[in-house]
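Consider the two complexes below, in which chain A is the common component and chain B and chain C are the respective partners.
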Partner chain A sequence: MLAEFGHFALLLIVATGLGQAVLCSPFWLRVPVHASLQGNPVLLTDAGTITTNGSTGGLPLNSRAHLIMPFGILAMAIIAQAALLHSFIISDFSLPIVAEVSHSSTPLLFRIGAAFTPDGGAMVLWLLMLSLVNVLLTLQLFGPAKSPYAQEDDGTLFKNAMSIMGLLIAVLGVATLIDADPFLRIPVAPLDGRGMNPQSQDILRVLREPFLYVGLAGLAVIHALTLSGLIFKKFDRRIAETLRFWTIASWLSLGAAIAINAYRSYSQQAWGNWWYWDTAENSLLLPWLLTTALLHCRAVLEKTETLKGWTAFLGLSALAVGWFGVYLTRSDLFGSLSETLNKPHDSVALLIGFCVVFAGSYYLFWRRGEELGEPRSFELVSRESSMFINSVMLALIAAVVLIGTIYPLVLRWFDGENITVGGPFYVEVLVPVVVPLLFLMGFAPTLRWRQDEMWLIGRRMKLAAILSVIIILFVSIRFIELSPAPLIGIGLAGWILTASLSDLWARLWRQPDHGESKYRNLQLLGPRYLSMTLAHIGLAIMLAGGAASSIWEEQVVVSARAGQSIQAGPYNLQYEGVALLAGENYATRQATFILYRHALPVTELFPEIRYYPIRGVETREAGIWHGRDGDLHVSVGDRADDGGRIVSVRFLPMMTWVWAGMIMMLIGGTFSILTRIVLRFQKNGVSTS
Partner chain B sequence: MTKRLLMLVGALGIVLPLLASGPAMAVNPDEMLSNPALEKRARDISQELRCLVCQNQSIDDSDAELARDLRVLVRERLIAGDSNEEAIDYIVARYGDYVLLNPPLKPETYILWGSPVVLALLALLAVFAFYRRKQREASAGTTASLSREEQARLDEILGSSKGDGKA
Partner chain C sequence: MRFSLAVIPLVLFAALAGVFLMNIDKDSSVVPSVLIDKPAPEFSLPPLPGRDAGLSKADLTKGEVSVLNVFASWCIPCRAEHPLIKRLSREAGVPVFGLNYKEKDPQDGVKWLAELGDPYAAVGMDLSGRTGIDFGVYGVPETFIIDGTGQIRYKHVGPVTADVLEKVLLPKIAELKG
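This part shows the complex of A and B:
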C-alpha cells in the first residue's frame, strides 16, 4: 500500500514542480515575454507587481509561493523515496522493480542499496537530491542568512532560477513516470526476486550513487542560475558569488563518486586496474571535467567580471553532459560493466527531456551570450588568461572523451560496424592536451590578475623549474631504461608540487608592510588559496603515484600450495590455504595470506572468490595492503592444472599516493565549502547582533 | 537460520563442482610460456586486445573464458613464430576490428581520429579570435567610452598632475 503513496507523491512532485515553475516565474502568466525579450528590464515594484518598461501590468506576485513550493516538493520526494525503500526492505515482489534487482536473501543494507541501482530507483534518488538542493537554494537566496542581492531587482532573477529548478524537477519527474515507473505493480507477484547484481553488492558501490546524484543535482542549480542570468542578460559578480557554493559542492561530490568508483574497480579486479574508460566511468568523468573548468572560470567571473559567455556556456554544458551520461549508461545502446546483468531499458523520455531542455538552453545562449557585456578586459599574460586557456583545454578533453564514448554507437547505427574505443586511444589522443594543461596549472596560481610579465613569471618560477628539472634528471639517470611517457608524468607532478610549494613559501615569507602583525601573511593566504593549493598538490601526488606505480609495478602469478611463500617487492606473502565460508547471501572461498615485510609479519590478507547462487555469478574481492612504499594487491583464482591455487600478487609502488592524492583533492574542496559556510553564518551573526 | 543453512548447502553444491573445473582468471600459470621474452610479448599483445564479452577490458585483465581462449591463441601464434603484428592480424582476421582497443585508422574511423585534431584547431582559433576581439574592444573602448567633455576634463587632470610633478 505504501508504494501507492509513493506513486502518488511522484505525481505530486511533477505537479508541484510545475507549480513552482509557474508561480516563481515573473514571465509566464504575468508579463508578456516579448517585452523582456526585446530587452526591456523587468522589475518588481514595491507594490509587488511586475512592470516592464515603466508600465505596470499582470497579477500581483504572490511572494510567498517560492518559499513554500520547494518544501512541498522535498516532502513529496522524501515520501516517494521512503515508499520505495520500504518496498525493498520488506521485499515486496509485486513491484517488478524489486523483483528484478532484489531477493529475500539479500542483506538489509544491500536491499536498500539495490533500490538505487535500477533506472527507476536511480531517478527517484535523483529527484530526492534535486528537491534537496532546491530547498537549499531557496534558503540561500531567500532564507534567514539570505543573499543580500535577493531583495534588489535581482530578486526577480533569482526567482526565475527557482522557476527553472521547478521545471527541471517536473521534466525529470515525467521522465521517471514514463521511462521506468518504479511504483508499477503486477497482479501476480513472483515467489522471489531475481537478486541484486553481485557486482553492485558492495558498500562503496552503494555509496557512489548518492554522491553522483547530489553532484548532478548541484549541476541543475548551476544550470538554473546560469539560464536565469542569460534571460535577464545579467551574468555578473552576484551570480558568480551565488554559484560558488554549487560549483564546489558539485565538483566535490562528482569527484567523490569518481574516486569511489576507481577504488571499487581496483579492489574487484584481479589486476588492480582502476580505470577502464567504459561508458559508466566516462559518464562520471565528463561532468566532473566541465565542473572543474567551471570552477576556475567562475572565480574569474567573480573577481573581474570577464569571461561571461564562456562561463555561462560551461554552466549549461556541465548539466548537459551529466544528464546525457545518465542516459548513456541506461539506454540499451550501450551496456555498462556493472549493469550487464540488468535488462536495459530505453530511456526515451529522458532523452526527449534532454533534447528539449538543452535545445532551449543553447538557443538562449546563442541569442544572449554575446549581449552579456564585459566591462573589463585582460591581457594575454594574466591570471584570467591562464584559467581561461586551461578551462578550454579541459573542455577539449571532455569533448574528446564524449566523442570516444559515443562514436562506436553512432558507427554501429550507421554502418553496422563494431569498433572499440579503449584506453590506448584516449591515452594517445589526450596526452598532447594534458601535458600543456598540467604545465600551465603549475604556475597559473602565481600569475597576477589583469596583466603580468613573462620575465616576472620566469623569476618567480625559477626555483620550481630548477627543482623539477633535477627530479627529472635524477629519475632518468637512476632508471635509465625508462620510457618517456611516465617520465613526463613524474616531471609534471614534480613541477606542480614544487611550483605550488614555492608559491606558498613566497607568500608566507613576504616582507610584511609597516605596522602589520606577524600573522598577517598567514591571514592573507585565506581559505580559498589554501584549498586550491591543497587540491593542486593532491593532483600532483596522484599523478606521481599513478606514473610511478605503472613503471615499477611487480607482478607475480603462480600456482601456490599451502605454506608456499611468494616474493613481491619488499613484501613476502605466505599462502596459508583456502577455506569455504558462508556469507549472508553468498558462499565464498576465502584464502588466507600472511604478509611479511623484510621477514617481519605485517598483517593478514583475505582475498576471496564469492559465489552468489541466486544469480549464479562469481565475483572476486582482492586483498589489499596500503603500505608506506606502495600497495600490495593479491587475488586468487581457481585451481591450476597441477593442483595448486592460482595466486596473482602485485606490488604497486607509490600506489598509495594515488589514493592519498584523491583524498587531498576532496579535502581541499570540503575545506573550501566548510569555511565558506562558517564565514557566511559568522557574517550573518555579526550583522544581526 | 535453517533457511540460511539450506542456502549455504545449496550454494556449496553448486560451487564444489566448479572448484574442480577449469580456471577463470586473468593470465594464469597454466597459460604462461616458459620463454620469458615470448611471454612478455604475449602480455604486451594481450593489453592491446579487447575481451569481447566485457566492457573495454583487455584480455590481459579479463577473467572471462573467451579472453582466456584468446590469450592462449596469441601464445600459440607466438610459438609458431609470428611477429607481434602478425599475431594481432591473425586475431583481427577472425574477430574483426572490434577486438582492437585502439581503433585502427580506416575510412570509418577518420572522424574519430580526426575530430580531436579538428577540435583542437577550432579551440586554438576560438581562443585567438577571443584575444583579437578583446584587443579591438579595448582599443575601441577607451576612445568611445569618454565623451569630449570627459576627455577634456581628463586631459586637464592629467596635465595638472604633471605640472605638480614638475613643480
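This part shows the complex of A and C:
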C-alpha cells in the first residue's frame, strides 16, 4: 500500500513542480517584465502590489506563498523515496522494479542499494536530490542568510530561476512516470525476484549514486540560474556569486562519483584498470569536465564581468551533457549497460524532455547571447585569457569524449557496423589538448588580471621551470628505455607541482605592509587560493601517480600452489590456498595471501571469486594493499591445467598517488565550500547585528 | 559575427538531438534476449510420462511459425497466464509447444495439465533445466515466438497478460506468418 502513496507523491511532485514554475515566474503572473527589462525600477509597496511607472499587474510578488512550494516538493520526494525503499526492504515483488533487481536473499544494505540501480529508482533519487537543492536554493536566495542580491529588482531574476527549477523537476517527474514508473504493480507477483546485479552489489557502487545525482541536481540549479540570467539579460556579478556554491558543490560531488567509480573498477578484477572509457564512466566525466571549465570562467565573470557568453554556454551545457549521459547509460543503446534484464522500452520521455529543455535553452542563448554585452576587455596575456583558453580546452576534451561515446552508436545506425572506441583513441586525440592545458595550469594562477607581461611570467616561473626540467632529466636518465608519453606526464606533473608550490612560497614570503607580521600573508591567501592550490597539486600528484604506475607496473601471472611465494616489486606474496566460504547471498572462493615486504610480514590479502547463485554470475574481487611506494593488486582466477590456481599479481608503483591526488582535489573542493558557508553566515550575522 | 557565434550551440544541439530522435525506434525493438534472430538451440526432450511424443528442435523447423511456452507446475504466474496460453493456441493458428521446466516429479506436469487443460501441441520435459539454460530462460514463464526455420524471433519474459497477447504476441505471429 505504501507504494501507492509513493506513486501519488510522484504525481504530486509533478503538480507542485509546475506550481512552483507558475507561481515563481513573473511571466505567468503578467508582471511588467518589459518594464524591468528596460531598467525601470519595479517598485513594491507595503501592501504587496507592484507599481511600475504607474502600470500594475500580476499577483503580489512579495507574497511568500510560492516559497512553500519547494518544501512541499521535498516532502513529496521524501515520501516517494521512502515508499520505494520500503518496498525494497520488505521485498514487495508485486512491484516489477523490485522483482527485477532484488531478491529475498539480498542483504538489507543491498536491498536498499538496489533501489537506486534500476531506471525508475535512479529517477526517484534524482528527483529527491533535485528537490533538496531546490530547497537549498530557496534558502540561499530568500532564507535567513539570503543573498544580498536577492532583494534587487524584487528578486525577479532569482524567482525566475526557481520557476525554471520547478519546471525541470516537473519535466523529470513526467519522464519518470512515462519511462520507468517505479510504482507500477503487476497483478501476479513472482515468488521471488531475479536478484541484484552482482556487479552492483558493492558498497562503493551504491555510494556512487547519491553523489552522482547530487552533482546532476546542482547542475540543474546552475542551468536555472544561467537561463534566468539570459532571460533578463543580466548575466553579471551577482549571478556569478550565486553560482559559486553550486559550481563547487556539483564539481565536488561529480568528482567524488568519478573517484568512487574509478576505485570500484580498480578493485574488481574483471576490469583491473581504474579508467576504462566506457559509456557509464564517460557520462560521469562529461559533466565534470564542463563543470571544471565553468568553475574557472565563473571566477572570471565574478571578478571582471567578462566572458559572459562563454560562461553562460558552459552553465547550460553542463546540465545538457549530464542529462544526456544519464539518457545514454539508461536507454541501453549500447547493450548490456543497463541494470535491468528485460526492458520494455528506451527512456524516450527522458530524451524528449532533454530535447525540449535544451532546444529552449540554446534558443534563448542564441537570442540573448549577443545582447549580454562585454563592458570590459582584457589583454591576450592576462588571467582572464588564460582561464578562457583553459575552459575552451576542457570543453574540447569534453567534445572529444562525447564524440568518442556516441560515434559507435551513430555509425551503427547509419552503417550497421559495430565498432568500439577504446583507450587508444582517447589518448591519441586528447594528448595534444591535455598537454598544453596542463602546461597552462602551471603558470595561469600566477597571472595578473586584465594584463600581464610575458617577461614577468618568465621571471616568476623560472624556478619551477628549472626544477621540472631537472625532474624530466633525472627520470629519463635513470630510466633510459622510457617511452615519451608517460615521461611527458611526469614532467608536467612536476611542472604543476613546482609551479604551484613556488607561487605559494612567493606569496607567503613577500614583504608584508608596514606594521604587519608575515603571518598576515597567510591570511591574505584566502580560502579560494588555498583550495585552488590544493586541487591543482592534487591533480599533479594524481597525474604523476598515473604516469609512473603505467611505466613501472610489474605484472606476474602464475599458476600457484599452496605455500608458493610470488615476487612482485619489493613485495613477496605467499599463497596459502583457497577456502570455500559462504557470503550472505553468495558463495566465495577466498584465497589467502600473506604479504611480505623485504621478508617482513605486512598484511594478509583475501582476493575472492564470488558466485551469486540467483543470477548465476561470478564476480571477482581483488586484494589490494596500499603501500607507501605503490599498490599491490592481487587477484585469483580459475584452476590451471596443472592443478594450480591462476594468480595475477600486479605491483603498481606510486598508484597510491593517484588515490591521494583524487582525495586532495576533493578536499580542496570541500574546503572551498565549507569556508564559503562559514563566511556567508558570519557576514550575515554581522550585517544583522 | 556575434550573431553567428551564439547560434552554434543551438545548431550543434539540433543536429545531435535530431540524430537521436530519428533513431528512437531503431533500438527500442530491443533485444530482451541475446538469442533474438538467432537459431533456437539444439535440443531433444523426452515426453511427459504416459505420452508418446517429446519435443525437439525438429518440431520447430517444419516451415511453420510456432510458439514455445516455458512453464512449470510450481510457478504461480504460469497458472495465471495459462488461460491466455489456451487462448493463444486457439486464436493464433500456429502450434504452441510447451517446455515443462524443472519439475521435481515428472508427474507434476501431467497433473497440472490435467487440472488446467492442455493447449500444447507437444510438451517436452526438461527436468534438469539444461534446455532452459540454452534458451536463456531466467524466470518462468517465458514465451518464445519461433519462425519456420527455427529462428527465435521474439521472447516474452514473465506471464502473458491479455494486453501482451493482443498487442504483441498475436500481431507478431500474424506478421511472421505473412
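Miscellaneous remarks
Just so it is clear, the second predicted complex is superposed on the first by the 645 of 689 C-alpha atoms of A that agree within 3 Å, B and C clash if a C-alpha of one lies under 4 Å from a C-alpha of the other, contacts with A are read in each partner's own complex, and residues count from 1 in each chain.
By our rule, contacts are C-beta pairs under 8 Å (C-beta built on N, C-alpha and C of every residue); 3 or more make two chains touch, one makes a residue touch a chain.
These numbers come from a predicted model, not from an experiment.
Room for both chain B and chain C is found when the two structures are superposed via chain A, with no clash between them.
Once the two complexes are laid over each other on the shared chain, residue contacts for A:363 go to chain C alone; chain B is not touched. Taking chain A as the reference, the larger set of touched residues comes from B, when chain B and chain C are compared.
Once the two complexes are laid over each other on the shared chain, residue contacts for A:613 go to chain B alone; chain C is not touched. In the overlay built on the shared chain, the residue A:400 is in contact with chain B alone; chain C does not reach it. Contact with chain C, but none with chain B, is seen for A:413 once the two complexes are overlaid on the shared chain.
Superposing both complexes on chain A places the Cα centres of chain B and chain C at an angle of 70° as seen from the Cα centre of chain A, in steps of 10. Of the two partner chains, neither chain B nor chain C is touched by A:263.
In the superposition on chain A, contact of A:558 is made with chain B only, not with chain C.
Once the two complexes are overlaid on the shared chain, A:71 sits clear of chain B and of chain C alike. Minimum Cα separation between chain B and chain C in the superposed model: 8 Å.
Common to the chain B and chain C contact sets on chain A are residues 335.
The residues of chain B lying in touch with chain A in their complex are 3-4, 7-8, 10-12, 14-15, 18-30, 32, 48, 50, 54-58, 60-61, 63, 96-103, 108-109, 111-113, 115-116, 119-120, 123, 126-127, 130-131, 134, 137-138, 141.
By the touch criterion given at the top, residues 186-188, 190-191, 194, 309, 313, 316-317, 320, 331-333, 335, 341-343, 345-346, 348, 351-352, 354-355, 358-359, 362-363, 365-366, 369-370, 406, 410, 413, 615 of chain A touch chain C in their complex. In the complex of the two chains, the chain A residues touching chain B come out as 105, 269-271, 273, 276-280, 335-337, 340, 377-378, 380, 388-389, 392-393, 395-396, 399-400, 403-404, 407, 411, 415, 417-425, 428-429, 432-433, 557-559, 580, 582, 584-587, 589, 611, 613, 616, 618, 620, 635, 637-641, 644, 646, 648.
Across the complex, chain A is touched by residues 2-3, 5-7, 9-10, 13-14, 16-17, 19-21, 23-24, 26-28, 30-32, 75-77, 80-81, 138-139, 157-159, 161 of chain C.
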